[in-house]
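You will see two complexes here that share chain A, one where it goes with chain B and one where it goes with chain C.
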Partner chain A sequence: MLTIKDLSVKFPSRFGDFTAIEDVDMSIKPGEIHGLVGESGAGKSTVGAAVIGLLQAPGYVAHGTLTLGDTDLRSLTPVQAHKVRGDRISMIFQDPQTSLNPLMTIEDQLIETIQAHSDVSESAARKRAVDLLEEIGIKNAAQRIKAYPHQFSGGMRQRVVIALAISTDPELIIADEPTTALDVAVQSQVLDLIQRLAKERQIAFMLITHDIGVIAQVADRVTVMRKGRVMESGDTAQVLGAPEHPYTKALMDAVPPLDRKLDRFRVPDTDGALPTQGDVAENWLLEGDQHERTGLSLENLTVQFLGPRTSFFHKPPPHVALDNVTLKIKPGSIMGLVGESGSGKSTLAKAITGLVSPNSGTMMLGDTELPFGKSRNRHHPSRQLVQMVFQDPYSSLNSRHRIGDILAEPLWFYGFVKDAKEREKLAASMLSLVGMQPDAITKFPHQFSGGQRQRIAVARALLARPRFLICDEPTSALDVSIQAEILNLLKDLQSKFGLTILFISHNLAVVRQMADETAVLRNGKIEEVGETHTVYTAPKAEYTKTLLELTPVMPSSWES
Partner chain B sequence: MIAFLKKYEGLWLFVHSPAAIIATFVAALIFLGALFAPWIALVNPYDLASFSLFDGLLPPAWEDGANPKFLLGTDDQGRDMISSILYGARLSLVIGISALTIAAVIGVGLGLAAGYYGGRFDAIVMRIADVQLALPAILTALLIDGIARGILPAAIQQDLRVAVLTLAIALSLWVNFARTARASTFVQMNKEYVQAAIMMGQRPMRVMFVHILPNILGPLLVILTVDLASAILLEATLSFLGIGLPADSPSLGTLIRIGMQFLLSGEWWILWIPTLFLVALVVSINVLGDFLRDIFNPRLR
Partner chain C sequence: MVYFILKRMIQSVFVMLAVAFLAFSLFRFVGDPVSQMTGVETSVADQERLREDLGLNDPFVYQFVRFTGDMFKGDFGYSYRTRQPVADMIASRIPATLELGVVALIISLLVGVPAGVYTALRPRGALTQAILMTTLVGVSIPTFVIGIMLIFIFGVQLGWLPTFGRGGTVQIGSWESSLFTIDGWRALLLPAITLGVYQLTLTMRLVRAEMMEVMRSDYIRFAMARGVPMRRLHYRHALANTMVPVITIIGLQFGGVIAFSIVTESVFQWPGMGLLFLESIRFVDIPVMGVYLVVIAFFFVLVNLVVDLLYVAIDPRLRISDVS
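And then the complex of A and B:
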């Protein structure tokens, strides 16, 4: 079927050619789902783009063979290649929001695609389109087909994209992160659909993803890539269950399991800083009565936003982001907060930090009540006691400030250290405490990787001497191996300094590793709160059960 | 060397862009010439004693009947063209740059605040900006000029001509800064580093100027260069129309206005040389502005 041999792709640059992928071998049989997994920069997407002939200019295939059936894909003229695309190879992209044309109805988009590849009348094409939508599980397809993309939900839209991809009966579909933008419930439906199509239509799938759980759930075979090279390839159960290559082993160690809690992730030793240099910062954090543990309790917290305005004269109906949320976080413990997108997780964090003003309820930090939103003045003690680690390490550090200035700011602002030299020293020491070289203070954020920036963000939060730390999806922008390091770091710091942490994530497996207690949020309501172990092993709420069932996991029989 | 250029990609693009190099050369030459005019000019066009009517209407050095002392000829008063142009450019640049500074301070300040506070304040500032934008720059200048003539005593009117002109140009240019600053601030407001600063309880002023401003400097710098050209042109236009500076302290626009009288008389250089000079200055500044835009906007590369 699809055979890739010795494939190398290069990108010419002003400073010599950059090799994106090198000597990649792979073959996919009809009806096989072949997972292509790796961390960012591994060259997964480049393989897909090379197969379909859509390498971003000026990238080019340096050498190797690409054959689909008995067609040599590299020898095709542009016109022939255009014919092969769509006819024999289709593609599914990550974001269904942008891969459909928002100004065309689903019907027009399907008919256009069908007619572009086969010479049929419009009514025949329409009939085919309706059949396709029914096949991929859209009910009432004859009517729904008249809708525009925005009238479908995210999962439905991704189904439509899949319908478009299969409308021409391709032999091979390249799916580039097809479920990354979707919630778990929708993700499992889309994955089921892909599996069904592979079996029923004997379509070969190249499933490109960074999510090992997804691969474990649907892929027959898997290829692990790193830095443009294939590390290991074979049957999914064999590669993921009994990895041979050290990289695959390390990768599997870093994947958080859903069914048990690890004390620490096994991570290869990184060349971190000397731990002794962190002493200054550690002692500073522990001195005085600063290590008193502080809990947080929320009672009947409700946050409403104005909904979309429908009339010029009437006030728009409110959108309830948080509905009567009551939550007690014990001093010195980690509370996990899980929920799908739009469930109100981030709104909760913003309400606590004062960026969003709740409509009713009370918030107590220790024994003091937290004023709402704008009524909390700039000098309120909670401004220092509550700190936050944000999701996106690329935007949470001011790119025009030196790391030293970023770290010294809380020390200066809260008046902890008056002397600028002392501040610098403490900042450098804090960097070694979070596992970075202390000389980083003279550099700028863009000189660091995502994981390193997240360490800096943690250091900044600690330098405010917080008692309560909010981590809002702190690892969802990071690769799994980096995620494991950051989670280890947070665990260490929490136990060392007795911090109370609210750990927000959409990833149930990550929360399981971190949290003492877990709360499940859905549509602004708390569905369930309890000890993490109980919530995961004996969930009470239906919703929690579904979430746990739908989260892709590795069969436990694979565990070595 | 390669590693060095890689680090400073802007520099790499610069040495590979002939247009940018030529524009920088021309602009630098004019700026330096204007700056050092009192030391390099043959005569001082403001000082009646330094030139003589006998030298009047001499053609440029390559034409018949020229005096090689006056390389680009002289005007009807006997003033050396090069000297007049250098002094004129000096005045034009002073007015342009100071007007631009005022416009940038007002515009960036208001734009930042509008983007930061949003809501009603933003709406008010932006509506004022819309009204300002609806009035052509020349009309604004005429208005301010008229008001200044009306309320200022005649004695100091002459001394304040430059100030009035500068203010008029600044008022018609601040909108560009305000709009750009506001739009960029909106983008930055959603970034987590800004939220972190607000969360800490930092003063709005500090968040705006220490945190947000350095991150929106790129687009503002582009506006700054492009608008410098506009400011110079605007000054020339106003002076050409006679609203600007009087003939005894000529800016580039005034020189062109004087030259207009000789348009069909055969003494072409009196009009054409200052005009070409103005074109060269404005074009080179604009080319530089475009180049900066390319550097700051990687998507356009």
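And then the complex of A and C:
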């Protein structure tokens, strides 16, 4: 039904045209879910935007054909194209928080969309809207329809978005990362919904995602893209089960499996930084290693935040972010911490680093008690012993400092190395230890990719000679192949220097690869702690079981 | 919601107290009030007696409390210059300034918002470039030059419009209005345009920037993808979201328009508060200056309160506490 042939999209710029996608072929039948997978910059979203005719400003379709049924999409005038949008092709965006107009009720948005494409009265449109919401799984739809978007939770909002997309009975829906911003439980509901709609209404879906697990679970056919070109395409079972193209193979190798632990990921050799030059930094770190391996134990830790105040006379009820958390991290081990958004994972990290002050409980780093929040002074030894790697490598490095300065900062700040020349040498050597070219010290953060920046962030953390490292979702902003590299790096460094690591992630498969022990957090409470292997193969808590069941995985027979 | 309004009002009380303190300090510490009230031939003993009668020897805090209390009761004291109650003087001048300010605001909104929307939707059009250039010239020229230019063109050369004063006014209760006669409107037009030009440019550029930002947002792209009619997309979806931040700035600016209409009023000899203030400065009429300060601050506080309420009216997310 949708046929794309030889599609190329170009973005003119001062330095000549930039080709975003080139010679893309693809076809989708009614009722088919067609997965479009690839890493960032592969041009997946551009394909979707070209089909629906909403390419970002200077971009244009250079050549190729786009046909939907009998309609040539490229020959439409702007007015005709706008009529087709919604009526025959619709779209679902990634983030349900931002894809609904915050100032209009759900009702207004649904009714205007229905009325835009069919000549029905307002009350008929309202009735259809209510029916749609019921069908999509929103209870009490006749009343909920009067609500504004902010009054729905993330998952419900994505349902509303889907209701809007199907409200005009389109033939094709382009879903651009529809579940990336959602927790696993909500993700599986939304994916079920998409499958149901494809089957019952014969809607064709173009499912754009970077998550191969999602594709494996719901897509009938899949197209793998890289750098604007199609690498491989065909039935999902065939492409993912017996990949032919080396890129597909490499991509599959980089996906962490949920049901077993790999010692290392198979990663194709990267641009060949010379690890031997890391000797200086390695020796320096080992020489500083006079301390024992340091564990951390938390006892009855409780953190509360004040809720929004609504009255003069009553104190607002506190929001309990962490509720009596007791957790022991053995010296030299990796503790994985998993949980959905809002479960308190990051609050725990902040409490340990002293950025948030707990209301009660004790925190012990080795044998010393950690003071809470601001009562921990600047020169408290834990400020050096505990270091952190953040989620977003784009905002965790100061963009106006050179890499050399960023790396040398812990060295002078903690008074390790007095001589500036020495510091620079150590920083350069540290870079090769984390797999980068040492000459990077003269550059600025923006000159590096996300994965390289995360390496720099790890290097900075290590130069403080920490004994305890907190990694808060260190790979969730990265592509799978880069994720695999960073995870390998963290594993290597951990075993080399005997670090104790608290590894926080919402991705269960990643934690399985990294952690010796795993704790499952939900609404600020620990549901389950134990050996990672045990937690994953014989979970005790119901919640852990649900999480494991809902995580999209590939059938194990597909894995090489 | 009620809590929100109450909180804002209590904050406003503190702002007003701070301003009252400034006005009071002006009274008390800018020169000696007694020597300004009396001539050179008043004897020292008489001066001392006057000082005692006026309570100027009382403790500082006591004086301030009495000053604020009087203000609260509407007793603003007497002008040094005219010997009239300051309250009456200000009251007779407020209508002129308010009418001027409001008409200037309306002109700036009626022109600024549509121009902003137009230039945002056609960022590369020839008319857009022309509008942007003209308004840039508009802000670069100081207000008084614009006023004088307008007087020269429309008042002197063409002779279409009067160049000073309020023209025909109608008395409604204690409010002297020029909005009900053709003559009044003719007199009002030039000063209102002069006063509104800066505000107009600001509104236009702000609407343009915000609108362009909003047009790039996900919910607009989603509305595009659903085929929502363009007109509705621009005016219902985009413009409403644009206005949220724009209202703050317009509100703040309106306070400024009232407060700084001084220049325009003096160019057009417009008998409003600004002109009164200028005359008071010339004669070091401190009571009038102090009260002017308080009145202007009151306008600022009031406008800000209204802006906050408008915010709540436009943006349902701020009404969270009402619905669960």
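Methods note: the second predicted complex is superposed on the first by the 556 of 560 C-alpha atoms of A that agree within 3 Å, B and C clash if a C-alpha of one lies under 4 Å from a C-alpha of the other, contacts with A are read in each partner's own complex, and residues count from 1 in each chain.
Quick note on the criterion: a contact is a pair of C-beta atoms (placed from the backbone, for glycine too) under 8 Å apart; a residue touches a chain by one contact, two chains touch by 3 or more.
Since the model is a prediction, treat every value here as computed from it, not as a measurement.
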After aligning the two structures on chain A, examine chain B and chain C and state clash or fit. fit
When the two structures are overlaid on chain A, which partner does A:Gly354 contact: first (chain B), second (chain C), both, or neither? first
I'd like to know which partner A:His380 touches here: chain B for first, chain C for second, both or neither. first
How many degrees apart are chain B and chain C as seen from chain A, counting from C-alpha centres and rounding to the nearest 10? 30
Which superposed partner A:Met388 touches (first chain B, second chain C, both, neither): first
Chosen between chain B and chain C, the partner touching more chain A residues is C
Looking at A:Arg400 after the superposition, I want to know if it touches chain B, chain C, both of them or none. Which is it: first, second, both, neither? first
If you stack the two complexes on chain A, which partner ends up touching A:Ala165: first (chain B), second (chain C), both, or neither? second
State whether A:Asn300 touches chain B only (first), chain C only (second), both chains, or neither. neither
Based on the superposed arrangement, let me know which partner A:Ser495 touches: chain B (first), chain C (second), both, or neither? neither
Chain B to chain C: minimum CA distance in the overlay, Å? 6
Chain A residues within the chain B interface of the complex: 14-15, 353-355, 377-380, 383-384, 388, 390-392, 395-401, 409-410, 413, 460, 464
Footprint of chain C on chain A - complex, ascending: 52, 54, 82-87, 89-91, 93, 95, 98-104, 109, 112-113, 116-117, 147-148, 150-151, 161, 164-165, 167-168, 174, 308-312
Can you check the complex and tell me which residues of chain B touch chain A? 2, 6, 12, 191-193, 195-196, 198-203, 211, 214-215, 217
Quick one: in the complex, what on chain C touches chain A? 3, 6, 217-219, 221-230, 232, 236-237, 240-241, 244, 314-317, 320-321, 323
